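Once you scroll down, you'll see the structures, which are given as structure tokens.
Here chain A shows up in two complexes: once beside chain B, once beside chain C.
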Partner chain A sequence: MSAQGPPSPAVEAVLAFADDELVLGWRDSEWTGIAPFLEEDVAFSSIAQGEIGHARALYELAAGVLGGDADALAFDREPGEYRCAPFVELQLVDDWAATIARHWLYETADSVRVAELVDSDWPELAGLAAKMDREEAYHRMHAQMWADRLRESAERDRFEGKVAELWPYALGLLEPGQRDRLAELVGREPVDAVERGAHTEGFAELHGEMTMVRRSVAGARW
Partner chain B sequence: MVTTERVWEALAEIADPEIPVISLVDLGVIRDVEVVGRQVRVEFTPTFLGCPAQEVMRNQLAEAVRALGAEPQIDVILDDSWSTDRITAEGRRKLEESGFAPPHLRASAGSTVVQLDTQAFRCPYCSSADTTLENLFGPTPCRSIRYCRSCRQPFEQFKTI
Partner chain C sequence: MIWEVFRQEREGQPFQHGGSLEAPNREFAEAYAVEFYGRRAESVALWIVPRDAILEIEDPYVADVFDRDYRRVDGYSLKVKLKDARERAGTA
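So, the complex of A and B:
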């Protein structure tokens, strides 16, 4: 395939998905070294590595159509070209309840998205989604375990408050037609979503940090 | 003239970069080998997408082919074809010998929930089934951490995927 013409909706969707995974992986990695338990330092670091690995595979798939490579798509675009949902951009480090609320909502939403992609008529995407789904099973187990734990704790109201706050953002991760399914899975009513398109205030700083090496040395690999 | 058998033999000598007791062939990441004249095509399918050892493995495969005097073409297949069921019986034995509980067979395990089943994994040191899950996540994407209540030893377990 050539690098001509605007990307098809399928490629756009793959890029948006890759951007979600890259940015969330980056945000998850901010817990490395400062999570409330040593086990969670390890868990969030490993989950971050998993999400960024998924981003790389998705960028490679998109690069096969658009030209370039995964690193160029991940790090050489301008902030305005990223299509990640505001949900993944929020910097929640320091707030464990909010972090678990996002983790639980994200993994649940992601399961809806991946379940559809497994049946994609783009065979490489369908195969990749099936592989991702099996890895994500561990992320889902971890998220559910922590959501249950906080719901059974004295911090239940605080946790539920964070879920409610993040709910409009979580909906924005999915296509409108997928949102009822998410609402059903998490037991909430659909509301107006915080949509993709505009970035949150913190994104410029995150983009600057993520792309620093590539901007310092053009084409750097590490 | 390089034969397919010689290539498989050479690849079986390559140790996994992170768990060196097991070879890349035992790990099941080589899906196919095809020899066309001087060209050797190897289909490589990584374990976890986030595995940082992927590039090292790919380079090791290419080097092993070159050492046979052939030209490597390493095709990375990112589909659903690798699972822990692809680890060979020999590979499972080697994992256990070096203190890793091998993964459950997916065919018999049914679902990933088996990970939380305390009776499902035996301690690789004392064989006790009295073990608990300490952390779903470990030092690499493919490992979890368990603890043996019988010999009081933490150990690593290969995730079943």
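So, the complex of A and C:
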């Protein structure tokens, strides 16, 4: 790390954010081709790509300090080195209500996280956060319209049950000081969070899939 | 519910049919229309119309049973008339 580089906790936070976006983008893209209907398939795939685009920008920012490049940070680390929250690792691909519950909680949590980063004293990070927020506005609108739709439907209880199940995971996305704000936004009481650090059971397999091409052909470009 | 989307490529240009999409309400229709026709800056404005709101007329051609070609411009030989008119005006 360069002497003028921002302090390490800021880089750690950027990496954790990047890992969240990469892994969630990957999980969401598992719906491509099998989403509830064609229009949603395209829209949700596009959102998944949006998250991965944000991950790349954040990795590039971190790579500027740590060295290497975005691909190396995204795909060359060991599973234990990833800092993503267990929340984004959960594989929910057969359950649309749970997927929307996570999408809605994630986008709401992201709005809290991004709002703080916009004021970061790391100018490149503040600029990137502002840029991301413009795209996240569309993600939030999409998440909200689906949450509203499911709450007005016969699936209401099932959806609320999934939100309740995922709530401790969602809290783990944010720093402890940001959690009350999230609780306020989603209208829930804070509980013990499922914290970053340990990975879920499915993460090793997901990591294997994500890094497969990179491992088979080192330095491949296309 | 099916919605028809019309897009305007540049300000001042006519809206043209872009395609149709399925969405349960206006909110979803707006989100999908923006996703399909707006995100790449390919449109400056969109019209999103429920297909039910469109009055469709099939086979709008009303057959000409009688010979009324005088009602159509091709019923006149404009070339000959113009020639005569120019001669009269001395501009031929």
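In the analysis below, the second predicted complex is superposed on the first by the 215 of 222 C-alpha atoms of A that agree within 3 Å, B and C clash if a C-alpha of one lies under 4 Å from a C-alpha of the other, contacts with A are read in each partner's own complex, and residues count from 1 in each chain.
In the analysis below, contacts are C-beta pairs under 8 Å (C-beta built on N, C-alpha and C of every residue); 3 or more make two chains touch, one makes a residue touch a chain.
None of these values were measured; they are calculated from a predicted model.
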Consider chain A as the common anchor and indicate whether chain B and chain C clash or fit when overlaid.
-> clash
Now for A:149: first (chain B), second (chain C), both, or neither, which partner does it touch?
-> second
With the two complexes superposed on chain A, say which partner A:54 touches: chain B (first), chain C (second), both, or neither.
-> first
In the superposed arrangement, which partner chain does A:218 touch: chain B (first), chain C (second), both, or neither?
-> neither
Touch check for A:198: first (chain B), second (chain C), both, or neither?
-> neither
Go through the superposed model and pick first if A:134 touches only chain B, second if only chain C, both, or neither.
-> first
Chain B versus chain C as contact partner of A:124, first or second or both or neither | first
Does chain C touch more residues of chain A than chain B does, or is it the other way round?
-> B
In the superposed model, where does chain C crash into chain B, at 1-9, 55-63 or 73-81?
-> 1-9
Note: overlapping chain A surface for chain B and chain C spans 39, 42-43, 46, 138, 141-142, 145
Can you list the chain A residues touching chain B in their complex?
-> 39, 42-43, 45-47, 49-54, 56-57, 60-61, 124, 127-128, 130-132, 134-135, 137-138, 141-142, 145
So in the complex, which bits of chain A are touching chain C?
-> 37-40, 42-43, 46, 138, 141-142, 145, 148-149
Touching chain A in the complex: which residues of chain C?
-> 21-25, 27-28, 31-32, 34-36, 39
Footprint of chain A on chain B - complex, ascending = 48-52, 78-83, 112-113, 115-116, 134-141, 145, 159, 161
